[in-house]
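Here come two complexes built around chain A, the first alongside chain B, the second alongside chain C.
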Partner chain A sequence: MVEQTTIRQKAKEIVAREDVRHLIGWRKGTFGYRVSPYWVETPEDAEELIFSPLCSPNLTNYLTLEEKLPLPKGEEPDRRKTALLVKGCDSRAAVQLLAEKGIEREQVVLVGLPCQGVIDQLKLEEKYPEGSSGVNAEWNGETIRFTFPDGEKEFAREEILADDCLSCRYPNPVLADEMLGEEVEAWSDGKNAGVEELEKASVADRWAFWEKEFSRCLRCYACRNVCTMCYCEDCILERLNPNWMFRSVNHSENTAFHIARAFHLVGRCVSCGECERVCPAGIPLGKLNQKLVKEVREQYGFEAGVDPESIPFQASYNPQDQEDFIL
Partner chain B sequence: MSESFEPNIVAFLCNWCSYAGADLAGTSRVKYASNVKVIRVMCTGRVNPLFVMNALQQGADGVLISGCHPGDCHYMEGNMYARRRFGLLKELMEFIGVDPRRIHMSWVSASEGGKWKEVVEKVVEDVSEVGPFEQFKRDKINW
Partner chain C sequence: MVEKVLRKDNWLNFIQALTDARDLWLPVKDGSMQKFAPYSEENKGALEEYTNSDVPPKVAVFPQTETMFRFQLGGQQVELPEGEKGKVFLGVRPCDARAMSIVDSVFQWDEDDTYYSDRREKTILIGLACHEPFLNCFCTSLEGSPGSTQGLDVLMVDLGESYYLKAVSDRGNSLLQEIGNVLDDASDEGKQADEIIKNAEEKIVRKIETGDITEKLKQLWEDPLWKQVSQSCLGCGACTYLCPTCHCFDIQDEVEGYEGRRCRMWDTCMNSEYTLHASGHNPRPSRRDRTRNRINHKYYYYVEKFDKIACVGCGRCITSCPVNIDIIDILSRVKEAL
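Here is the complex of A and B:
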């Protein structure tokens, strides 16, 4: 548990530094359970920062989203650092970006916040319909306490945590320049990733399950846009020659898109659960990612976002890789 | 569906081993199923998972990827990367509900014309068992 005042104090110190341009954190949203990403430019801004079970957005995404406009002649680029508030999964995303050379270490200041899991908004809405004003939330041991307009309420953590948080193995940041608060103990061994039930089903049943899920896909690509690991400037989804992914929204193309999206994250997904959270159709994308995370860990002994010096999974091989599927 | 279903199989063969192996099978007059449509690539490492998916979308019932044995790759390590890639692609496709018997991978060297015949027969047998793959076919667009 980190006190809000500690975070704000640290943020002030960091933003006041010469070599830091801004700090990205969260602040209270204007509606319901939402929080919004917040750019702290001056020490005074830091007063609005929060860190609560509602802070699900993975801010690492903004490191690669930042637009780099061409500079006027003679002007030097702004080389100051970007500071980021990171939870356990966000820090893994940063580590994976470092391993892939997507960002440079000198470019970022990571402020690590141990996290006890963020909520799944849909699960919470089932219990308590979303109100119109901002809601406060805080961790309280095994429960999460909410302050609604009509009083306080507590819900058990396992009931409202996001699925990816329930099987989280890295609640503490793996890499941080500044660590705040006390480390929390991991509550899961990652064994129960929520895919076992589907794994047991027959192939035809699985196809039927995913056909139903994928049929809702709008192809808005929000899952790709929000993903920290999807930062290619030239994406196959937009490439027209050759045209791998057709724009038409039908079952064949939707399935192909989802296979491609999940496969691009093999050995890279850090299970932050952002794709599932932003999906307007509520497709359980986390299941696809978790399945691959599980296979990569169990069969190849590799885990993404743990070691910034590691070679990316698909850019490396082990001569002893399993090959029992090969004829 | 007609009684005798002839599977349509797309095979991606590496230029240095499997393609030569298939060539050897041909020149040695080895008889094997003609359901396989061979696409020559320079290395199995060249095979993009999108190739597999597009083949299935465009009407293939099964896909075979074949390359050099580990350690024999013309480019030293291309087949090693391919092994990782397609092991996981197979897992993912299976998880989504594509029968694992539709996607195959094999090592066939240039001298293994006999093995090529066996591999093809195994793949044809497997894909025949599962039947045609209509669900994943790309809809024909009539403009």
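Here is the complex of A and C:
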């Protein structure tokens, strides 16, 4: 585990560097179990940084989310680096961006934090309802300890961690300029991707399952916008000519949207679980993406976000690729 | 105005009476989400253990997608959709009913939006006063209350063994008379109900004094606070789609083969496409501009135009934001900025 003070100290050093513009981390949110992505601009700001099982947001997204607006005449763009606190999955997102040439290595400073998993808020709320005042949470071996207004409580991590964390194979950052804390052990050998039960169901049952889930979709696109891998400047969802997908919100269009997104993530998804976390309709998008992650690994032996020099999966071809699943 | 009492053991008769002449919608659980849906044998819904629907009941009058008319490519005529049956929305929280009465102003402003008005006219809202406010409720900061009747036709208050029902509009009055045979006369239940509402009001934790916000906003156009509060924004539509007063829509022609339909669907000012001109120019190019617009529209432009704040303090935008952008936090920064 990394001590909060170690992170803050390191953040202070990094933002004091001349070649660093800011460091993006997490701080306590305004209520309940929430944390906010937080921009540390000065060494003093670093005092608010936290790292706990509540720190779900994958901050790597902000590398590509940054808006590059036209500058006033004569003004030069700020080319200093962006520093980021990254968990295992977040670092994989950065690696995948590097492999796709979506970012440049010199652009970022990655501060790696070994992670023992972040909570699934819905699971936690079932055990203890979210309240107005913020709570502290910390990893404590097999459990996670919370400080609630009426005292401390501990829950077994299996019961409250996000699904993607339960099948996480990369709790330690795979790439970092500065690694903090001690490495932690991986949870899983990847054999269980959390989709096995659904895989056993018949095609009709699986269709019925997704039909019910997708019919609730509000098309707010929080899943797309929170996804580090969804960084196209021109998304097919906004195209009117050709009009790939109607704006009408109904089961058919919603399904088209989710399938299209899932396919664009094949061999790219790093299983950070953000899409599922942010969905206001509680659609288990992780299952969809985890299934594809599993297929790509089993059929092609490929994993996204582990090698910045790798050729992106969808851009590669190997004559030895298996074909036995092709109809 | 009529006051009645509904014994809980009479619930099914009450539902029956309401569904006889109209479609009944009530809060149901869909996965982890709470939303309004038509009552059916499978979808009985329940008013107990429900704080508020995740998707606001604005869907009663302003559905997420609606067909305005159908047409044939190359044809000369348009076909209007069939009129809908009257609806009863049961269990609407007072904040959401207030929201509808606020939004009425814009839909009936220069031109009467007949799609909206027609539904509004045909929809009866039976409110349910709040017992246990949700953690981000701040309705009392916006002239609302757990027992506000603005925009409602009937207000219901849960008394434990029974519900107290009070008509608060002429429509509500006639409805309670119409279904009077499943209801009992009220005696002093009104007093109990007032007590419950008062208690609920005291349980609201989050508050902000909103009186001077419009004046402040007028002076804060270029203030650095907008960058700070929007820095983490993802630009998704969760805050606006789940807002009971957000009312923007897009209109699209959707054509399949030779069949076409003109639809309108919710739009969100948090999406850059919302203000994108055909020329490629975008007057609101950044998430900072769009966040500022979301706040300004609710607390400044709407106030200037219609003399009311277009926010009812339901807290949905706060709860649903993936990155903890909190409108109460933004408003308090606005107040401190000058």
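The rule is simple: the second predicted complex is superposed on the first by the 324 of 327 C-alpha atoms of A that agree within 3 Å, B and C clash if a C-alpha of one lies under 4 Å from a C-alpha of the other, contacts with A are read in each partner's own complex, and residues count from 1 in each chain.
Going forward, a contact is a pair of C-beta atoms (placed from the backbone, for glycine too) under 8 Å apart; a residue touches a chain by one contact, two chains touch by 3 or more.
Note that this is a predicted model, so its numbers are computed, not measured.
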item	value
Partner chain in contact with A:Asn192 - chain B first, chain C second, else both or neither	neither
Which of chain B and chain C A:Leu292 touches, first, second, both or neither	first
Contacts of A:Phe246 with chain B and chain C, given as first, second, both or neither	both
Partner chain(s) touched by A:Asn61 [first = chain B, second = chain C, both, neither]	second
Touching partner for A:Ala208 - first (chain B), second (chain C), both, neither	first
Residues of chain A contacting chain B in one complex and chain C in the other	246, 248, 250
Chain A residues within the chain B interface of the complex	195, 198-199, 203-211, 236, 244, 246, 248, 250-253, 255-256, 258-260, 262-263, 266, 288, 291-292, 295-296, 299-300, 313-315, 317, 319, 321-323, 325-327
Partner chain A, residues of chain C touching it in the complex	30-33, 35, 54-55, 64-65, 135-136, 205-206, 231-232, 234-238, 241-242, 250, 252, 254, 263, 265-266, 268, 271, 273, 285-287, 318, 320, 322-326, 328-329
Contacting residues of chain A [partner chain C, same complex]	29-32, 34-39, 57, 61-62, 65, 67, 69, 122, 130-132, 212-213, 216, 218-222, 224-226, 238, 240, 243, 246-250, 274, 277-278, 280-283
In the complex with chain A, residue positions of chain B that touch it	49-50, 53-54, 57, 70-71, 77, 80-81, 83-85, 87-100, 104-107, 119, 122-123, 135-139, 141
